[in-house]
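Pasting the structures in now, so scroll down.
Okay, so subunit A shows up in both of these, paired with subunit B first and subunit C after.
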Partner chain A sequence: MKQFITFIRKEFYHVFRDQKTLLLLFGLPIAQIVLFGFALSNEIKNANLVVCDYARDDASQCIIQKLSVNQNMQIEKVLLSHTQIEAAFKTGKVKIAIVFPAGFNASLQHFHTATLQVIADASDPNTATTLTNYISNIVKEYQQEITRLTPMPLQVTTQVRMLYNPELKGATNFVPGVMALVLLLVCVLMTSASIVREKEKGTMELLLVSPFNPFLVIVSKAVPYFALSLVNLTVILLLSVFLLDMPFHGSLLLFYAESSLFIITALSLGLLISNSTSSLQSAMLISLMGMLVPAMLFTGFMFPIENMPMPLQWISQLIPSKWYYTIAKAIMIKGLGIAAIWKETLVLLGMTTGLLLVSLKKFNIRLQ
Partner chain B sequence: MKEVVINTNRLTKKFGSFTAVSNISFDVYAGEIFGFLGANGAGKTTAMRMLCGLSIPSSGTASVAGFDVYKETEKIKRNIGYMSQKFSLYEDLTVLENIRFFAGIYGLRNTAIKQKTDQLVQQLGMQKELNTLVGALPPGWKQKLAFSVAILHDPKIVFLDEPTGGVDPVTRRQFWDLIYAASAASITIFVTTHYMDEAEYCDRISMMVDGEVKALDSPSQLKKQYKAASMDDVFFELARGAKRSAD
Partner chain C sequence: MRTIQFLLAKEFRQIFRNRALLPVIFVVPVIQLLIMPLAANYEVKNINLSVVDHDHSSYSRQLIASITASGYFRLAGYNNGFTASLQEVETDKADIILEIPAGFEKNLVRENKQSLFIAINAINGTKAGLGGNYLGAIISNFNNSIRLHWQAPARWQPAPVIELRSSNWFNTYLYYPFFMVPGILVVLVTMVCTYMCSLNIVKEKEIGTIEQINVTPIKKYHFILGKLIPFWVIGMFIFTAGLLLVGRLVYGIVPVGSLLLLYAFLSLYLIALLGLGLLISTYADSQQQAMSVAFFFIMIFLLMSGLFTPIESMPGWARTIAACNPVTYFIDVMRMVVLKGSSFTDIRVHFLVIAGFALLFNSWAVLNYKKTS
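Let's turn to the complex of A and B:
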């Protein structure tokens, strides 16, 4: 046991002496959270809107009022003629336009129906769809207000409720994803690098001729990165809850337990890589190309897996981060317990056991 | 009668169809400096790995410090020290941290570690460098430190795999002084080397060619036997028939 502690202390020396890597380890999650939180958001804020109002009546003014206080867009200009709309789009600054026909309110009052036109710059289809949805919601809101004043018979209104994330915040989607990515990166890359480095420097031989159990060599390598990962996880969690107002509804204990399981999965992957290669470069390359890129693509927080063709969906089942992402979302956002995620937990457990068995077997063969 | 600390009998290691080490048989006696010579690829390292318990032999028998290389590798590991051709201490750890680490994984007690550290530092004159990172030390010092660390736990035998590769002649001489001191403290030295002048420092040497031990005797006897003026000539005479090219 004393030998084990001696070994772990040495591993911590390695980690803390390499300050560049350490900085990267702690800087990376912070940078990612800030990037995804503020820069790379799929919400649209302050999109430029032009208004062409031929009606100039109560109804149109009221809707324009609502549009102008909305945070998602701002009114860039009020145009006098719809012929100017095209020119406005061509400047590239304006994303969406809205046209109120003459007699808008009158039509609404007398015929109980009125039409307004929304024109969007669909060269970016996602932005266009999102913006038209924002406007539809605002118009719907107005409609409900006036309906309350003058009740109409037999009207169907759709009440949309966005469960778990009523404000449609991007953070709820990407924070669990960033967690999965960072944990993967730290555990797979760092563990494999640290073991392969010992092989390259020749110190591994020295450890193997010592009476220290070879399996403990591997275990003690994993311990510091396990601890670092938990620290990283906590940093991400604190940042996202206090800086990005990310909700956390579930059990913290369960969350840390599941995260520990995922960390162990990633560590075993790192072990497998380091036992299969003998140079630092190939270990890095395999970790980055073989792990990180698929993890980005198939975790599901950047590209929805449901939209992928079937073969790609099957591949995504093999990516551990995909399962962790599902678990983390369920606990953090929906506040679900183990009953809802036992399947995903079992998958991760199975993956970990498989990876550990294979890497221990490889390690054994190498010892021959 | 001299005590035998390493005994091999028809020891063989095959990798697939390639026989790296073929039927080597020799004894190494307690306290001697045993030189293990051969060209690159002759099978020295493979033989040494089997004796250290890092590699399981394909056939033959061998015992190290009285323990069987098949079944008692754990006991062998407790009784040997090892220093490889690559310099192998941790460069990002200080001298003291390296000493503590290697003493620690051999299970030395704290009081023993402290005493050993003092002794080692005295011997090497490294009092001031105790908290220096090993990476910042001159190469010669690193080598000497690595050797001292390899015998920190008082092993019966220490295996040195080309310990003086890439070191200047003065440092090599100093290194051999350390080896003599360890030998005087009745540690058996098993050393592989390329340098034929170093071969002269050994009590007995074995010459390996193509996985077989072709000659084994004291340097002076070998020179007499091959009617050679120096060990270089002996080596050349023996290695001329080699079929395996150096890698």
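Let's turn to the complex of A and C:
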């Protein structure tokens, strides 16, 4: 037991001695929470609009006025001719253009109908559709203003309630995702790197010939990262509650238990990678390129999984972070108990046992 | 000149000798380029709807039919009580609950007014907002058709109508990969080149072979050029394979603008990027450190580059960070030149900024690289 503690202490020294790596370990979660919390959102704000007004009458001025006070877009320029629109798009600064035909108001007053052209830069399809919708809403608003309001018969109204996240904040969605990502990063990348480094430097040989159970050598390597992951988790949790005002509804104990399970899954994955490679460079590239990018895509916090093609949805089932993400959301945001997430827990347990078995089988006491 | 030739031969031999690394350089980017654009899709489809029907009338059935027929919603549950539906939301089987009150049809016809209750799982705010909008639009369509059934429309419409004609330029069918593939390609080139370049020099440090290079009479710039050129070539290769093979054959992307302009920008961008890798490697003592620092920066570059979320929507301080990010400029240029066919005058500022980055990173790295430790 004393030997084991000594080994763990040695590993902690290794971790804390390398300050630049610590920057990644603790800086990245904080940076991600701040960026996702305050900088990144799918909302469209401050998009530039150009107006080409051939009408220059009452109605067109009214609509332009409404557009200019809208939060989501700002009028960049008033063009004199529609031929300038393409050039404006090509500079990349303008996202959408609106063209009022000559005699807009006259047509509206006399024929009770008028057309308006909206041209969107659809190289970004998302922005294009959203902005077109915004403009269409503004025009509709204007249209209703000029109509004398008569009550509509047979009206179906809706009362909408947003469950769990009434303000539609982005944070509720990504905080569990960032947790999954960071835990995976710390455990897989760091563990595999620390084992393979000993192999590469040749010190692994020394550890294995020491009168200490070789398997415990590996376990003692995992312990510091387990502890660091829990610290990281707590930091993210505190940041999200106090900085992002995110509520925590469920049981803290259950949450930490499930997180520990996920950390162990990730650690065994790191173990497997380190047992399968012998060079540090390939261990790190495999865990970075091969693990993190899929984890980011298939966890489901950036892009909804149910919209992906079927084969990709099957792949996503294999990613441990996807299951942890579901668990974390259920506990943190929905405040559910173990009864709702036993299935996900079982999947994680199964993955962990499988990974551990394979890596144990691959574990070699003799280095060639 | 001959010195550089020898150095280059050595570097290329070292790169191609590493069997574990080759797939990471050449195969992984291609696979990611095949998978990522398919996965990175913000379109909201297949929303699971759970209906609580207290009315069981022909109108409630018609309403449900018109919702499920829209293609956006899947009927995940049809219950008699709200708790059963809420449970479906809790277990992620349903995203939206629509509650139809008892007497829906009767009240609508008699009292001209009836309300429906909608509860949306809003953990994912974007999806909740869009789903709510879709459902609202379908309900108002349904409402119109009922109204039409009960009242003949006025023959001469006194209310003025403004018709909106919208057109989508540069990507008429709103095909999402057109937008994502150029950006993802930039990220892949960035990742591979920065990691490889920063790891390479640190590896020499860690193994100790850098001492041997330091005592040979080669100049500082020889050494640095010898390290930069191989990865510059690899970056060019990955980009070409990604754009002209995968982009062209799989996604049907044909650059509208000039390829020459694109490659001119790429070569400048790669110089800046490799300078960054070099800079990281001069500061790091071990491969793990280099990797960690490189990963930290790449992660932030990636999130702040406008690849996934628009930069204009960010608050002021975040836009400043995005402006200090070389990846932002290349993604912008790619999208502009490939999709819109922008010309040199449109992107001359981007050129200047990237040239500035290249100069800054490389001169900093050269100044910081010392032959004596």
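As a convention for this text, the second predicted complex is superposed on the first by the 250 of 368 C-alpha atoms of A that agree within 3 Å, B and C clash if a C-alpha of one lies under 4 Å from a C-alpha of the other, contacts with A are read in each partner's own complex, and residues count from 1 in each chain.
Criterion: contacts are C-beta pairs under 8 Å (C-beta built on N, C-alpha and C of every residue); 3 or more make two chains touch, one makes a residue touch a chain.
Predicted, not measured: the structure shown is a model, and the values here were computed from it.
Participant: Using the touch definition from the top, say if A:18 reaches subunit B (first), subunit C (second), both or neither.
Facilitator: In the superposition, A:18 contacts both subunit B and subunit C.
Participant: Considering only the touch criterion stated at the top, classify A:44 as touching first (subunit B), second (subunit C), both, or neither.
Facilitator: second
Participant: Determine, under the contact definition given at the top, whether A:6 touches first (subunit B), second (subunit C), both, or neither.
Facilitator: It touches subunit B, and subunit C stays clear.
Participant: Regarding the shared-chain residue A:285, is it in contact with subunit B (first), subunit C (second), both, or neither?
Facilitator: After superposition on chain A, A:285 lies in contact with subunit C alone.
Participant: In the overlay, work out which of subunit B or subunit C sits against more residues of subunit A.
Facilitator: C
Participant: Check subunit A for residues that touch subunit B in one structure and subunit C in the other, and list them.
Facilitator: 18
Participant: If you look only at subunit A, which of its residues touch subunit C in the complex?
Facilitator: Contact set of subunit A toward subunit C: 18, 20-21, 23-25, 27-28, 31-32, 35-36, 38-48, 86, 89-92, 95, 108-109, 112-129, 132, 135-136, 139-140, 142-143, 146-147, 152-166, 168-170, 172-173, 189, 193-194, 197, 277, 279-282, 284-286, 288-290, 293, 297-298, 302-304, 306-309, 312, 326, 329-330, 333-334, 336, 340.
Participant: Which residues of subunit A touch subunit B once you look at their complex with the stated criterion?
Facilitator: For subunit A paired with subunit B, touching residues are 2-3, 6-7, 9-10, 13-14, 17-18, 201-203, 205-212, 367-368.
Participant: In their shared complex, at which residues does subunit C touch subunit A?
Facilitator: Residues of subunit C touching subunit A: 18, 20-21, 24, 28, 32, 35-36, 38-46, 89-92, 108-109, 112-129, 132, 135-136, 139-140, 142-143, 146-147, 150-151, 157-172, 174-176, 178-179, 191-192, 195, 199, 203, 283-284, 286-289, 291-293, 295-296, 299-300, 303-304, 308-310, 312-315, 317-318, 321, 332, 335-336, 339-343, 346-347.
Participant: Can you list the residues on subunit B that touch subunit A in the complex?
Facilitator: 52-56, 74, 77-78, 80, 82-93, 97, 100-102, 104-107, 133, 159
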